Amino acid sequence: MNAYFGRRYMLSASHRLHSDALSAEENRSAYGKCNNPHGHGHNYAVEVLVGGPVDAETGMVVDLAALDEVVRTRVTARFDHTNLNLDPLFANRVPTTENLCREVFGLLKGAMPAGKVEYVRVEETENNFFEFRGE
Amino acid sequence: MNAYFGRRYMLSASHRLHSDALSAEENRSAYGKCNNPHGHGHNYAVEVLVGGPVDAETGMVVDLAALDEVVRTRVTARFDHTNLNLDPLFANRVPTTENLCREVFGLLKGAMPAGKVEYVRVEETENNFFEFRGE
Amino acid sequence: MNAYFGRRYMLSASHRLHSDALSAEENRSAYGKCNNPHGHGHNYAVEVLVGGPVDAETGMVVDLAALDEVVRTRVTARFDHTNLNLDPLFANRVPTTENLCREVFGLLKGAMPAGKVEYVRVEETENNFFEFRGE
Amino acid sequence: MNAYFGRRYMLSASHRLHSDALSAEENRSAYGKCNNPHGHGHNYAVEVLVGGPVDAETGMVVDLAALDEVVRTRVTARFDHTNLNLDPLFANRVPTTENLCREVFGLLKGAMPAGKVEYVRVEETENNFFEFRGE
Amino acid sequence: MNAYFGRRYMLSASHRLHSDALSAEENRSAYGKCNNPHGHGHNYAVEVLVGGPVDAETGMVVDLAALDEVVRTRVTARFDHTNLNLDPLFANRVPTTENLCREVFGLLKGAMPAGKVEYVRVEETENNFFEFRGE
Amino acid sequence: MNAYFGRRYMLSASHRLHSDALSAEENRSAYGKCNNPHGHGHNYAVEVLVGGPVDAETGMVVDLAALDEVVRTRVTARFDHTNLNLDPLFANRVPTTENLCREVFGLLKGAMPAGKVEYVRVEETENNFFEFRGE
C-alpha cells in the first residue's frame, strides 16, 4: 500500500507572457496585462507529490533530505530569482505556469530517490494554481 | 497530455439549513445551530478545477479572462451577497454546501471556454470543504 | 514588563447593511451590495489581544480556559450562527464590522480574568479587517 | 453521484524518529534532526475526506456532529497533547507522519456514520503533508 | 474614539536590487540573489490601515469603494504587472520593499476619502513583510 | 523616518507546562492538557520585527542575510527540534510561550546588525500567538 508525501518549495521569478506565434494584438488578447513589456513577477509555490510504499524500516516514503537536494539542484537553483523567459527550456515555449509545471515535472520525474512523482502543482498567486500529472 | 488549472473565487452569502421533509426536532438534530431561525452566513471560497490539453500556441489550458467571465455571470453574480435560501435552485433543496457544490458544478459544466470542469470545491469555513466531481 | 496574548475565535453570521437615517439611494451608495435585501454572510475571525504582566508562577498573562469561557459566553454564544441585525445591540446601529468590533470590545473590556483587552480585531474576509482599541 | 466532505482537525503532539532496526548512525542519517534525543513537536492538521451520496432529505454526505464525535473519540482524544512514541500503535513502528496517517486511516475506516474515508491527510508543517488512501 | 480598517491589495511585479552607489561586489554582498541580472518577481500583498472616527450614520471609518478607487488609481494601476525598476519613483532609489512601502505611503497619505493612513505594510513573501508609518 | 522589517522563522519543539511552585492539582488546573506527562509539541512561528532608518545607499533597514544568521545561531539552532524543558533558560521557568517570547527577545535584543528589535511574536497554533516588546 502506498502513501504520499507532499512538499512545498518557494521560488521568486519574473516572466512575460508573449508568444512569437501570435500578433501583438493576439498576444494582448491572450495574456492581458501578463503581456506587459518588461514582465512582472510571482512568488511561485511548487508542490511536489511523491507516492510509493512506506519503507518498513524507516517508516518513510522518501528521504526528505534526499528529495530536497534533488529539487534544489534541479529546480530551485535553476529558476529561483531568475527571469523565466531567459531559461533555455522557455526558448521556444511561453513561460506560462502550465508550461512551468510541465517542465518541473520533466526535470524531477526520473530523479526521485524513492517513489514516483504523482504531480507537480504550482501556485502562481493565492487564487491560481496549475497542476501536471504526466498523463 | 493534460494540465489542470485551479482558480478560486470568493462569495459571501447567508443561508439557513432547514428541510421541509423533516420535523422541527429532526431539523434541529440534523443541522444543529445551522438550523437557527434567521440564518447565518459564510465567506465561501469556490475553487474550480479545469483540465485539458495545453494549447500549443498560448501555453494555456483555458483563457483566464474568459473563465472568469463565465464564473462571474453564472455563479458569482448569482450567489454573492445573497441569501441562498431564496434562489430558485434551492426552492426544493436545502442549501447545504454539498448542494451548493452540485449546483455550481451544473451551472459551469457545459460552459467552459476550453477544457472541462474536473471538480467544484467549496470551502465553507477554514476547517470544512465540499467537493463535487459529477460522478 | 508586559506580554501580550492574542487569540482567535471564529463565528459565522449574516447581516445586512442598511441605515434608517439614510434614503434607499444613500443606502445603496454607502453600502453597495452589502445593502442587498435579505442580507448575506461572513465567517468572522475575532482576534482578542490581552496584555499584562506575566504571572511569575504560571508563566502566563491570562488563563487560556478562563479567557475562552468569557469569550464564549459573552461573544460567541451571542453572535455565532445568528443574524446580527436582530441583536439588540444593533437595534439602532448598523451592524458594520466597525460597530461589531466596538460592541465586542465593550462586551469583553471589563470581563478579563487577568490583564486588559488591548484591541479587538475582526477579519470580515481574507482581505478586510477592522480593529477597535477603545481610544 | 457522490460528493466529498473534507474536515480538518488539529492536534499537538511530540515525537522522536528513531528505529530500533537501525544503528545510531543510520538513524541520524535517515531522520536528521528528527532523531534528536528528547524529541520535538508539531501542530498536526489532520484532514479527513469522506465520500458518498448526498442524502436526499438532509442534503448532506455525513452528519457533521456524528463525524466529529468519531474523530474526537478515536483520534483526537488519543493523540492530542501526547508523545506519539508512547502510544501502543507505535510500540513497534516509528511514528513518522506516514505511519501516523496510516494509523489514523485504520482507526477511522470502519467507523464512519455514513460514506467512506477517501483519504487521511496530515500536514506536519506548513510545507509538508502526508496522505494515505488505503490502496 | 477611532476604529481602524485594514484592507489588502495584491500586485505582481518584478524588480532587481542594484544600487549605482555600490560596486558590483558590494551589490552582490548587500542583495545576494536579489541582485541577479534580469531581475525576479513577487506577489506583493499591500495592506493599508486607515484610522478614524466611525461615522455615526454609516457606521464606517471610510467608504470601501472610495478607498478601493484611490488605491487602484494611485497604486495598483501603477505597479501591478510591471517592472518596478522602470518606475520614475525608483529612478534614483533601489526598489527594495522598504522603499516600495514608503512610496506607496506617500502616494496614499493625502488622498484618503476619510480617516488617515496609519501604515502601509507590504508582504513580499510568506515570511517577509515591511511597514512604513510615516514617522 | 523609520521602516520596519518583519521576518518569520519556524521551529518545531516539544514542551510540557508544569510549575514546581504549584501542586499537581494546581498544575492541572492552570495548564489543562498542556500539563500532560511526556509533553506534546508545536510548530512555532517566530516573527521578529526590526525597526530603524532605511539606509540611504542600500534602501534596507537591516541586511537580511545578517539578520538570518543572528537568528539562526541564537534562536533556531538552540530551540529547533528540541524539548524546551531541557534548555537551561527554562531550568527555573515554565516554558510557556509567553516565556519563550521573552527569552527569544532577550537573545536577540542586543545582537541586531542594524536597527532594533521592536517585538518578538510567537505563534503557537493557528489561533494563538504571544508577543513581547521589552516594555
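Here are a few things to note about the model shown:
For clarity, chains are labelled A, B, C, D, E and F in written order, and residue numbers in each chain start from 1.
In this section, contacts are C-beta pairs under 8 Å (C-beta built on N, C-alpha and C of every residue); 3 or more make two chains touch, one makes a residue touch a chain.
The structure displayed is predicted, hence computed values, not measured ones.
Number of steps on the shortest path from subunit C to subunit D, with steps defined by chain touch: 2.
The chains that touch both subunit A and subunit D are B.
With steps allowed only between chains in touch, the distance from subunit B over to subunit E comes to 2.
Farthest from subunit F, judged by the mean position of CA atoms in each chain, is B.
Greatest centre-to-centre distance from subunit C is found for A, with centres as Cα means. Although subunit B and subunit D carry the same sequence, what matters here is overlap: shared residue numbers make up under half of all numbers found at their interface. Note: centroid distance subunit B to subunit C, computed from Cα atoms, is 28 Å. Each of the following residues of subunit E touches two or more other chains: 126.
Every pair of chains meeting the contact definition is listed here: A-B, A-D, A-E, B-C, B-D, C-E, C-F, D-F, E-F.
Interface residues of subunit D, counted against subunit F in their complex, comprise 10, 12-15, 33-34, 36, 38-43, 80-83, 86, 125-126.
By the touch rule above, subunit F contacts subunit C in their complex via residues 17, 19, 21-22, 30-32, 93-96, 98-99, 101-102, 126-135. Looking at the complex, you find that subunit B touches subunit A at residues 1-9, 54, 57-61, 63-65.
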